[in-house]
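There are two complexes below, and they share chain A, which is joined by chain B in the first and by chain C in the second.
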Partner chain A sequence: MRTLAFVAVLACILTAPVARAEEDEAARAKRWHELAHLIFNGPQPVNLPGWITIDAPTRALDAALVPVTLTVADNRQVKSLYLVVDENPSPVAAHILFGPAADPHTITMRIRVDQYTDLHAVVETQDGRLISTARFIKAAGGCSAPGSEAPELALKSAGKMKLRFSNQPGAAHAELLIKHPNFNGMQMDQATRFYTPARYIKSIDVAYNGQRVFHLDADISMASDPAIGFGFKSDGTGTLAVQAEDTAHATWHQDFPIQPHGT
Partner chain B sequence: MALKQTTCFLLLLLAAAAPPEPAGLWTGPMDGPVPATLAGATVLPTPLAAKIFISRHHALPIDVSALPKKPPNMAPGMIWLPASHQDIPGSAWLPGAGRASLAPDRAKAFLDAVARLTRNDHARFIVVYCHPNCWGSWNAAKRLVQAGYAHVAWYSGGIEGWAAADYPLQRTEPVAY
Partner chain C sequence: MLSRRRTLAVGLCLCCLPSRLRADAPIVFQEVAPGIHIRRGVDQNASPANHDAIANIGFIVGGDAVLVTDPGGSLADGQALRAAIRAATAKPIRYVLLSHIHPDHIFGAGAFLVDQPNFIGHRGLRDSLAARGAFYQSHLNEILGPGRAGPIVQPTVPVNDTLELDLGHRRVTLRAHAPAHTSTDVSLFDHTTGTLLPADLLFVRRIPSLDGSLNGWIAQLPALAALRPARAVPGHGPVTVDFPQAAADLNRYLTVLRDETRAAIQAGRDIQTATATIGRSQRGNWLLFDDTNTRNAIEAYKELEWE
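== the complex of A and B ==
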């Protein structure tokens, strides 16, 4: 009798977390199903291994600044990329449409994470297929975390840009940083105790010698001071032109000459 | 080690910045530095303290986090679809129960809901929480102390503190009250 009770207790202890994990997995799958139908009209993404990988910390140190790297296996077939933070209230962090000057092998960016979530990356191929992959990460509170500066101060320097690149002909990689608080409307102003109105970068365009590298549509899941790492087809000279626009219709433009030896 | 030191430092900083406890409900801004005390209640400043308190006393966790609200002036066409709420496993989610401006009938409805959840047992251990720097949980805990609950605890670290400790979260729907 006692053995039976022991076994029963043990069974409960062992199966309860498993049941909860399965339940959670089902809830996450349901959430993605609903989201995907909102984001993609028509054919839905198919989860296939080997096309794209997501690198991100399993446990983020700062939920308002989670680094994510997307790596595509065959860059010739990529037309565009989506990054979705499933459990965020506004989940589409970025849609990146590549142009002829792009080398869409690796893209890096930083996102906000509101609660434990799956990240989904979706590749749109040149022939119109949608292929997805997912990764579960743990972080919470990234959407309501206040910025590091007072709002009016942060907006003063908005639009300032920096670009760093490693210039090897044929395989250039650049890191673009745009100063912008990316207010999402869910952050409390620490001085006035009111919500800072939403105002965030909604698009970034990068061109190399007049040819599109990418057009990026972003929303409030992108972290403040958007930092985008990307590859482009460089012949070692010329100019990278960057244009950014926020939801208040402010636009910023800057040209970055490419130094022969890289800077 | 570094994390532990940072946590200690942050706790010290919080304690230093903590305002004194108001006599009744807090009627100021609901988001901001919270006191380190709550007369008549146990204060649980860390997720570990909350976890131990809940399991030792089979305490009822009550989450008073607000419902998600779409901010104004979002870009047109953006997708807004809040996911199901995640909080401490076993919690009852009573959104907004800590607002000082709660109408008397709503405040009573909150107490009625807690009475149902505790089966009218005023000796039941209860842990109230929402987010870090959230007066809502302080006020809701205060309401329960004033209503005569003998074992009220207030967990000030909130859902984010719980998640930062890597503890599991449940998905939940709000309890109507």
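== the complex of A and C ==
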């Protein structure tokens, strides 16, 4: 909102080029308005400052791996989180539903970005409100960018997992890594002239000592080898259990014993 | 031949070509060792003005055949190289080595289709080009202008491990390397002059770009040094250098990248925070540092977080 107003003021001072920027800004706002109606059936998200912040590079150097950090001000009120990449072919990158063992203060993800776009993060509160924030980032080509390995090779190691515990004071935080090429159906095999069929991680479940930390529904905007950073209410012992499933119904499960002092 | 080339050049709009790429203003080749001719690539990113002529490319003349390595960064770059070869020798162009997947080295290959040479590449190049070729081509066309990138030319002869070629009283050995700079690196050693052409396994002055394996690249340098080359022709930088010195400079950058990335991962720093600082101490040593270094740090982080 603030950016919109800022551009509008500038447009009065300068003329042509900024007027175009304003149009772009207006087009982006319109895009979000339409998207939000498709994503959220009932009440629409309200843009309110102070609830959630999106941290991401303003200009990403690798559009196929754009790190995004979502930080929530009051983690007690958060039921779920959406991350939307407005201009991507399938914009909802992730929906994260938190459970009783979650500490939803900070979530990190790595996404693909197809063109210059707004990112929207939407908090669903425990009492059913939707609160959004936006951030514009410059990155392009991340969806069609080919992976570094040939498709068959990349699928061989799919499902391999790693969990990194970070020793931040005051909160148990971990980053989950899952090997998976996350083919989004947009990479062409030049030899066959066919697109490599979409096959990507569609859900991730993490539980701590039997209690849900989060359930994540993912889509093709997630980078290859998905990496999810999350907080959880740890008493320093026990196990984090991870279950992941891809669109070909392959499932992987792994238990990670808690390591209180980092990796 | 020359008139046909002129026609082609006109087709590409002669007025837009920088003068040194015009058919009547041949590009400058240096004979770095007897029979080995190299054109120095400019230390820039690809642009319409430089036609992606940014890599060191050239040719080796044997007793009865010519080997091209690399064919250049665009169709125009390849055509200029071919014109220079035809001006230097009438021997047939029998081999075109595609040293690795990157567009600045191989998109000139289309200029040599007419010679029906053996296009030689790493055993993995075919798959790699299948996956990435169209993406690189469209990206390069966006930069240079429609159609100017050139066609995607697949290798016809793979280098599985090593491949010996005889250019006529001149033996060269091609080696397919494990993932290093890319996953498709091939180096060439000319036995006659003791010259090593490691292509982009060796960067000088221009910031190295990592697109294969950091640990793998560091491991390849001693293997290349063991060949005890009299000189080396880096993929970027001066046309000829002393290998041990140049490899030491490259090794310093790569080991700093590795050590700082490992330390950041150990310290639990996330990829965004970590890659903003990794390798920055090396900034003064390399051209075109900023963007490439950050991309390298991202690549390094992705690789080393699985160690």
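Before moving on, here are some points about what is shown:
Following the convention adopted for this analysis, the second predicted complex is superposed on the first by the 238 of 263 C-alpha atoms of A that agree within 3 Å, B and C clash if a C-alpha of one lies under 4 Å from a C-alpha of the other, contacts with A are read in each partner's own complex, and residues count from 1 in each chain.
Definition applied: a contact is a pair of C-beta atoms (placed from the backbone, for glycine too) under 8 Å apart; a residue touches a chain by one contact, two chains touch by 3 or more.
No experiment lies behind these values; they were computed from the predicted model shown.
When both complexes are superposed on chain A, chain B and chain C occupy overlapping space and clash.
Once the two complexes are overlaid on the shared chain, A:Ser144 sits against chain B and chain C alike. In the superposition on chain A, A:Arg110 makes contact with chain C only, while chain B stays out of contact range.
In the superposition on chain A, A:Asp219 contacts chain B only, with no contact to chain C. Within the superposed three-chain model, A:Arg164 lies in touch with chain C and out of touch with chain B [touch as defined at top]. After overlaying the two complexes on the shared chain, residue contacts for A:Gly229 are found with chain C alone; chain B is out of touch. Legend: residue contacts after superposition of the two complexes on their common chain; A:Leu177 is shown touching chain C, with no touch to chain B.
By the touch criterion stated above, A:Asp62 is placed in contact with chain C alone, chain B being left untouched. Look at A:Pro45: by the touch rule set out above, it reaches neither chain B nor chain C. Annotation: chain C segment clashing with chain B after superposition, chosen from 134-142, 170-178 or 296-304, is 134-142. Common to the chain B and chain C contact sets on chain A are residues 141, 144, 188, 190.
By the touch criterion given at the top, residues 28-29, 31-32, 68, 70-75, 78-84, 86, 89, 131-132, 159-160, 163-164, 166, 168-171 of chain B touch chain A in their complex. Residues 55-57, 61-62, 65, 67, 69, 108, 110, 141, 144-151, 162, 164-168, 175, 177, 179, 187-192, 196, 225, 227, 229, 262-263 of chain A touch chain C in their complex. Listed in rising order, the residues of chain A touching chain B in the complex are 17, 20, 24, 27, 31, 34-35, 38-39, 59, 63, 86-92, 114-117, 138-141, 144, 184-186, 188, 190, 193, 195, 197-200, 202, 219-220, 247.
Per the touch definition, chain C reaches chain A in the complex via residues 124, 126-135, 139, 152, 183, 211-212, 265-266, 268, 270-272, 291, 294-295, 298, 302, 305-306.
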